[in-house]
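Chain nomenclature is as follows: A, B and C, assigned in order of appearance, with residue numbering initiated at 1 for each chain independently.
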Amino acid sequence: MSAGVGVDLEKLWIRFGDFVAVRDANVKINGGDFFSFLGPSGCGKTTILRAVSGFLEPSDGRVLIGGNDMKGIGPNKRPTALIFQNLALFPLMKVWENITFSMEIKGASAKERRKRADELLDMIALPGQGDKLPSELSGGQRQRVAIARALCAEPDVLLLDEPLSALDLKLRQHMRTELREIQQRVGITFIYITHDQGEALTMSDNIAVMRAGVIDQIGDGKTVYNDPATAFAASFVGENNVFRGKVKQVSGDTALIATNRSGELLARISTANQGKMQPGDDAMLFIRPEAFALAPAGASGDHFVTATVTNEEFEGNVFNIFMEGDGGKELKVSLPNLGQSFESHKGQPMTLQYDVQNAVALPAGELATE
Amino acid sequence: MKSFSFMRVSIWVYLAIFFAYLLGPLVIMSITAFNSPEFPRATPWECLTFEWFAALFQDERILNGIKNSILVGAGTVVLSVAMGLAGALMLTQIWPKLRATYYTIIIAPILIPGVVIGISTLVFWDRINRMVGLGADSFLSNGLFLTVIGQSTFIASYCMLVLVARLQRYDTALTEAALDLGATHAQAFRKVLLPFMKPAIASAAVLAFLASFENYNTTTFTFGEYPTLTIELAQKVRYGITPAISALAFIIVVLTVFAALFNEANIRRKDLVAAARKDATVEELESGKFRVPGFLSSNWAAVALVVMACATVVVVGTATVYSPAQCIANVQEQKRIETELRIQELRQRRAEEAARKAAEEAETAPKPQAAPSDNNSGFGGVFSPNTLTGEGEEESKAPEAEDNSNSGFGNVFAPSTLSGD
Amino acid sequence: MPRFLREFFNRNGVGMGSLMLGLVLFWTVGLIILPQLSMLDFSFRPNLPPPEIGGPKDVYTVENYKYLIFGPEGGSQDYNAVDLRVFYRTLIAAVFVTLFNLVLCYPIAYYLAQTKGNHIRIFALMLIIPYWINEILRAFALRIIFGETGVLNNALVGLGIFDTPFDFIRNDIALYAGLGYAYILLMIFPIYNVIESLDRNQIEAARDMGASWTKIHRRVVIPYAKPGISSGCTMVFMLSAGALAAPQILGGPSSLWFTQLIYQQFNDNSDWPQGAAYAVVLLVTCILLVLAVMRLFKVNMGDIGK
């Protein structure tokens, strides 16, 4: 398998009038990667995609595909294919005509096109559906036709703009696996835009977390999840509990944070911020719901949290316990269901402990809003 | 619920009056195309004739007008659909600050009186023509160019309105998708946008052609050496009207009804097919057992279309063999008799009057007696004996009306000739 | 190249973009704006034979406008009473034609928009068919009916309503009927379009609360349909004030329409600047009138043509 064609964004700025949609983005996407831009809507991720596909001219900086500067090259001349959020299947063309549109442009004969369409229809598991109109297909089928249409153009880079957002949950989960399989089979670079961290984590080799035009962190799924670079990344990717406070003491890669409500707690400083946190700084401490474990009643220390239980629920694989948390937000704890007995503590205080390695200390910053 | 049914009745009465106002003139005009008097009129009915159609097809000016109209119409359709489409596309892209101004400019020609558009076109291009230094017979001042330009000015606005309505439902991502798949802008336009716009473009083209075909106000200033059908008709109608014009109108009415029914039948059929597809089960669709409903089944428009086509064939067939000569001769004979009768009547009356006068002088007056005349002419009440029995002024008025009504027969029977002797 | 132009060409391609821009500029500037300005300019010039155009005598003058108001110089009257009377009569008659059409068409538009069923499609067809037929022929049809020995007179006299044929043409009744007839569709469609989008439930609700029909229309339907009504009225007014065919064919011999004066100046007197001045007066007056009424009823230009 070839290494594929990489995409580089160098000092990319995109402005619309006074509004800065993308601020100084520097991203290196390796050939053959499944790369995701993850961020809430309006963070500028679609703008980046449009700059890569050529529908937008960067205000500053460069877009390189396979090492070539794309300045002045129109979308129809770039080795990219885009899958639109609403798919943009041509409503008046049959499925096979849709799929082989790029060949029609190049002047391929109807026979060649038919043959190629059949191959691709087999690949996307829609054999014999070529003569239908897009409107006669289901949502998932249309999705796959859009993928086939993009792949038929034999792009070096496939760009996907939240293509699963219109599907229902079950289909979405199924399509995740399918997309990942297709990507591994064709071996080209995929750039995927999503606001769904589940999609990003399950499919991607690397993820860029974006907030308000700025890329907060780039890394693989595990890094982004376990070792967030900013408070925003920590709160946006996966569920997380936040404790606000000030740095009291730093020793090596751990920091002691004096939290506003839960006393002094110890946490690992995230890799990106090591050496940057000083005593007295405003800080945030993040512990994921599943990182807690029950502690003996009355235990205390720098990795114990005690709070009053406000609510409890049983979700099957986990027990969820909600406790009075920091800043009005509930503290969520998920304990795995291992068949143990569980007695209600509703209205009573409860003590929990955590492994310091699983708690992350970060400089205080903007949190993701739900 | 008495008031409710009263409502319903009054609605229907209102509709009837309204459509009588709308369609009545066309029906009456159509009838006059088949009546033999040389002045177009529906009553009194004299003879069924097709001669006005023959006269129409022999009229050089009308035929030339039709030719010019088609020429102008073709030019106008091309220019105004192109400008309308460009204008509509621009409307979707222009940045918001300019949008209102731009919209006002391109919609204004609809509101500007046609006369004003005609004049401004004439004046402006005359000036351009002079500036370029071309003669009075250059293509710029030649009627064809001016008329196409003048008509397109406002017809493009109509086209724009039709096109923009469809364009609003267009997803620009489709064009982007085509570009992304390697199409040039021209290819994306031709292969994606144009097919999507096709129905609206067809409507706009039909609308443009009809508007061009029937335009008078603008064309009357610009036509030059290319008088269109409308101009020729206007000349004819202003300086004397014949049933040949009714015949032309009738043909246009029939063509229009045909086109409308055809269009309607197609729409109905599409709806029916779509409905049938919806109702059909998946197996039926896939096994090919699905039957498309027949063209005529539950489609009133299609049925009406077929009936009308048959009727047309019958009428045209009749027309080729039918000769109204005998009937016309009869009517003329009848009229002659009638007129003679009336002359006699008048003479008699005059004689009686003279006799009465003589008798008055002799003081032995016999009672004047109105001559009984049987009124089987079908002329309606105008010539009813009552009108004639009136004396003095009334007497002179009735024959005057007669003069107007059958002016085609010349002045042979005019009262002036009669009273002259 | 300015940024907006570059963006425009990026979006549409250089070829397609230029074609589009060229067509729009040709239309807006070459066909709409410049000819109107040219006519305005022309109306301020004296009537000169072609060789003298652009010569020393070709100077700006308001003579053509003065003529409309004061008549020929040294004329017997202080004012150009004939032309002014025609002008006022045209405007007033156009207003009446507009009101007549509104009253006639509103119930029809309402009925068509709020009733469902197959017969509505037939009605719509019957509405449109007359408008596929030449304007001149429509006027001609009315002339056959209103003529002295026309169908209407025959019927009226035959029924004994009139003793003698009534001269509909000389009394301008034929003209008003013809003008009203000519623009029915332009009144119905805008109103129909708006009322069709009115939720039937609103009317039902108002009826539920015991509102009378007049009240429902006054308080619910008419306010909602205002953009359509104003759009229809604007078009009918402008077009009937600017009509030429109907007055020429159906007008009485003694009563002229203002457009006929313009026509005469152009075609019979060959006085183009005078005709242009009259055309400017007609256009400006109509626009001002429409704008004034639109302001009065608080509607926007953007509603026109919807």
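We take it that contacts are C-beta pairs under 8 Å (C-beta built on N, C-alpha and C of every residue); 3 or more make two chains touch, one makes a residue touch a chain.
Because the structure is a prediction, the values reported are computed rather than measured.
Peer 1: Please identify the chain lying most centrally, where each chain is represented by the average of its Cα atoms.
Peer 2: C
Peer 1: By raw count of C-beta pairs in contact, what's the busiest chain pair here?
Peer 2: Top-ranked chain pair by contacting C-beta pairs: B-C.
Peer 1: Can you name the chain that lies farthest from chain A, using the mean of each chain's Cα atoms as its centre?
Peer 2: Farthest by centroid: B.
Peer 1: From the mean C-alpha coordinate of chain A to that of chain C, what's the distance rounded to whole Å?
Peer 2: 61
Peer 1: Centroid from C-alpha atoms only, then distance chain B to chain C, rounded to Å. What do you get?
Peer 2: Once rounded, the distance between the two centres reads 19 Å.
Peer 1: Which whole number of Å gives the spacing of the CA centres of chain A and chain B?
Peer 2: Once rounded, the distance between the two centres reads 67 Å.
Peer 1: Indicate the residues of chain C shared as contacts by at least two other chains.
Peer 2: In chain C, the residues touching two or more other chains are 13.
Peer 1: Counting only residues that touch at least two other chains, what does the list for chain B look like?
Peer 2: Answer for chain B, listing residues that touch two or more other chains: 184.
Peer 1: For chain A, what residues touch not just one other chain but two or more?
Peer 2: Only 74 qualify.
Peer 1: Which chain B residues qualify as touching chain C in the complex?
Peer 2: My answer: residues 11, 14-15, 18-19, 21-26, 28-29, 32, 39-44, 82-83, 86-87, 89-90, 93, 95, 100, 102-117, 119-125, 127, 130, 149, 152-153, 156-157, 161, 184-186, 189, 210, 213-217, 220-221, 229-230, 233-234, 237-238, 241, 245-246, 248-249, 252-253, 256-257, 259-261, 264, 300, 380-382, 397, 401, 404-405.
Peer 1: Could you pull out which chain A residues touch chain B in their complex?
Peer 2: Going through chain A, the ones touching chain B are 53-55, 74-77, 80-82, 84-86, 88-92, 101-102, 104-106, 149-150, 153.
Peer 1: Quick check: in the complex, which residue numbers of chain B touch chain A?
Peer 2: 171, 173-174, 176-184, 187, 191-192, 195-196
Peer 1: For the complex, give me every residue of chain C touching chain B.
Peer 2: Listed in rising order, the residues of chain C that touch chain B are 4, 8, 11-17, 19-21, 23-24, 26-28, 31-36, 38-39, 42, 50, 53, 104, 107-108, 111, 118, 121, 123, 125-130, 132-145, 147-151, 154-155, 157-160, 164-165, 181, 184, 234-235, 238-239, 241-245, 248-249, 259, 262-263, 266, 272, 275-276, 279, 282-283, 286-287, 290, 301-302, 304-305.
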